[in-house]
Amino acid sequence: MSTGTFDPDELEFLAEDIFVTIIPNVKFPIFYMLSGDIGPMEPNIPVEVPLWLAVHMRQRRQCRLVVPEWLSLEALMEQKDRELKLDLFGEVPGPFYVEMSQIILDNFTEEIPDSNKIRRLVKDIIDIRLSKLRGTVGLHVKKSEMYAVVNNITQIELCSLRNLLTRGMDQLDMLKNAGLHNAGGASQSFSDDSSALEVSSMNPS
Amino acid sequence: MKNASLALTHGNYLSLSDIMVTEEKLLCTLTTDFHGLGYIQPSTRSENGDLVEGTVLDLPLWMVNPMKRNQWLEFQLPTAYQEEARRILCADPGIVEFRQGSRCRFSQNHYPLGLYIIPLADNINNSSLLATQIVKKKSLTLEEAKEVRSSLVSTFQLRFRQIMDWSNKTCHDTSAHDLKRLDRSERQLLEIGKAEQNSLISWNQRKKSKILKPSTAIKNARLMTDYADSRKRARIEV
Amino acid sequence: MDLPEMDVSGVALDDSSTVYTTAQLLTDLKDIWRSERLAPELLPHKQETVEMLLEQIGTVESNLEKAKHVKDPFFLHCHKMEANRVRYMLSNYLRCRLEKLENYALHYLQLSAAERDFVMTTAEYKFLQRYQADTEELIEGSVRTFLPANLAILDKWKEAPLKPRLESFVFVKPREQINGLILGASDAPVSLEQHSQYLLRYSAVRKPVMENKVILISPISSASLQEIFLSSLF
Amino acid sequence: MFGQRAAELIRELERASDDALPPYKAESVRGICEEMQGIFEANCRDRVNLDADGIEQATAVKIQHAMHFRDTAMSRNKRCLIAYHYNRMERLRNLRWSLGGIIPTAIRQTLSEKETEWFSNYSKALTNYMMDVAELPDQDPADPQDPVVLDLTVHQRPPKEYFIDVKVLVDYGNYETQDGETIFLKKHMRLCMARTECEHLIRQGILQHVQ
């Protein structure tokens, strides 16, 4: 684990808490979960559950997923076109759309007839956005701005260069301030020499 | 130290990379005598065994810094930070190879060494500089230190884009030759960038996410002991 | 299958008798966990939240234990899975805090008693003291026998302990509008808008982060804004 | 020049990858300590010279300079020794998290005695901390609850499916699960276990996660 960042698996974990609609084929009473009540479930009656529970039930063949609107061929093609036309970042279906699409494509293949095409579209969209992101970041460091507004980028996208970006900014910051401040600035401290002569503390035995 | 980057290692007492940086040598001229230390530089050893004023020798940065503060020596600005090198860096920063043996003797500690050298500038303004010019001709003036600094900044800004592009490529795309061009801190950034990029890619391809893996430390340790064992065996056979 | 009679969610009370639902506690945990993971320094401890959630997990798990032979295993697994999810967040949150204490051990040992009570729990402080004592023993003990008796002190590393780097750049999202933020010595104050996300130095938002007015994000979410733009203050 | 052995010691550790723990260099550590002893003695001698009656001012200054020179080298050696042991400790600490409380023999061989001692102390400190966290402050004495122990080393990755399929890689013998049941782990055996149960065993290379 490293501080300063979340990795994709951890983001996927967060995405699993998002609610999706399933159509159960079993009957269950209300689940009193810590995060709130779920159900009751009746066969063929749509019900909202967190994604992780949907996956668990699907693995036991206890439900089908109502595939979210945005995960259709049409919607994604539209999103891709939009993203290609824009210089800036286009709007996304939700904060965890990438993570969710992965989980859904992994576990609910039967519900998604064009899963391969969809998988490729999602990947294309991410690639387009990531290359925009690198462009912006490159520009940012080049102009050496010390503050930025970064809207509409999702967590998973920043996963690919968040540390590189923040550490790069840190380094640039240091170079710019080299030798400028005495106190606190690491550039001035020189760590292994002693300020006071140590001989004074030595007593010949 | 995990995810080491210059901002975290520079001046950090416990950092291995900072220790390696401060091991870099500078060419120095002593301006005072040191009793009984003549054996350090036998060629210019004085009769009484002292290390004497005027001796020219290479000293590691960790020694230069306190000696310079006491004004017991002057150091020469390494060629990698002198005007010619700065001009080369300014013309095409992406091409320059930060490694020994290059024309301007760029080192793989280009930025951190620069960060240490800049504060060593003599804090004298131009007018008083004129008066002491002859004495100080070898040392680093405040003016020049500023030039060095702005060179470091612009070099880094321009090379950062390249690091970002490289980190986007898959591992084998970046040749060993490319890597050799980078300074230590740039290489650390590249590693950070690659690790991030790879974790996203392999997550995306669902390669490893679900499979739990044994620790690499175990594998490393096994390799190491296997190696030691095979050497032992080899010795016995001989 | 019959209706499960036990309500494993329930509510918890804290000292000031504010009623928290477990769902709210979980939302809080997610926020503090995220901020802790992304902040360069140790944030104020949230012992009450941790304790209340642990208690909830305890209740759920002991109820499940009792119901082991009565209930459908599917039902048991679902609750167990949820409990594991909470356990993961809690463990990871606490682990992350220990890691910061370990990395900046000397720095955190030097805090005043008041500062200490604010940022760390008693258990964390106990751990920290022990950790540092053991580490000093390792370092000094490894060389003590080889050095002259009146030299054997390796104390230089304690004089300038490693500190969290507060100048690090972080991504943040304000919960409310924040005015008059000073980002650099020569810069004019700026305002941060609610619903936007920013990349800036942690030191600039340290206070609002501690007050929970700004949360640290692994960027983002807000789909309401149309563009990414970079604005310079120079 | 002073400090060369120390630099060599650091260079070797710095070159090894972040999670590798190369064998402990007892010889080099001792050698560096000898250099420090030499510096110490030289400076003691110089101090005596300084205090001698009738010493010339010019000579005294030269002696002080030399003492400072050696003293700088002393500090450098100290820094390297501290950094060497500190960085190894950090790597060892990571091992505690990835491998659990028992160091595999392969790794134990690379450690110094002091390091092995540190490892077991660290394990104890962690266990104590986890027990402290588990202790609830206001227990209802009428209805005492079992403490909820949060094993920080178990839940290190986000939980996924509840059960996973595993293959046993070594003849391990009896293993006691969290529920108190005992499983006999024999090489080549395949079984389905709770994920939380086998994370440690997988990291230690005893089980293999199969799909």
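Assorted remarks:
Labels for the chains are A, B, C and D, by order of writing; each one numbers its residues from 1.
FYI, a residue touches a chain if its C-beta (ideal position, glycine included) is under 8 Å from a C-beta of that chain, and two chains touch if they have at least 3 such contacts.
This structure is a prediction, so every number in the text was calculated from the model and none was measured.
Relative to chain C, the chain whose mean Cα position lies farthest away is B. The largest tally of C-beta contacts between two chains is found for A-C. Taking each chain's centre as the average of its CA atoms, chain A and chain C sit 19 Å apart. Rounded to a whole number, the gap between the C-alpha centres of chain B and chain D is 27 angstrom. The geometric centre of chain C is 24 Å away from that of chain D, both derived from CA atoms.
Here the CA centre of chain A is 32 Å from the CA centre of chain D. Within chain B, residues 2, 7-8, 12-14, 19, 62, 66 each touch two or more of the remaining chains.
Residues of chain C in contact with at least two other chains: 57, 77, 81, 85, 88, 92, 95, 148, 151, 156-157, 160, 165, 167-168. Touching of two or more other chains is recorded for residues 40, 46, 68, 72, 75-76, 78-79, 82, 86, 156-159, 161-162 of chain D. Under the stated contact rule, the graph of chain-to-chain touches is complete, every pair of chains being in contact. The part of chain D that touches chain B in the complex is made up of residues 1, 3, 7, 10-11, 13-14, 17-23, 42, 46, 59, 61-63, 65-66, 68-70, 72-73, 76, 79-80, 82-83, 86-87, 90, 94-95, 98-99, 104, 106-107, 109-110, 157, 160-161, 164, 195, 198-199, 202-205, 208-209, 211. Note for the complex: chain A touches chain C at residues 1, 3-6, 11, 13-14, 27-37, 52-53, 56, 60, 62, 88-89, 91-95, 136, 139-140, 143, 145-155, 158-159, 162, 165-166, 169-170, 173, 189, 191-192, 194, 202-203, 205. By the touch rule above, chain D contacts chain C in their complex via residues 29-30, 33-34, 36-37, 40-41, 75, 78-79, 81-82, 85-86, 89, 93, 112, 114-115, 117-118, 121-122, 125-126, 128-129, 132-134, 136-137, 145-148, 150-152, 154-159, 162, 196. Touching chain B in their complex are the following residues of chain C: 156-157, 160, 162, 165, 167-168.
On the chain D side of its complex with chain A, the touching residues are 40, 43-44, 46-48, 67-68, 71-72, 74-76, 78-79, 156-159, 161-162.
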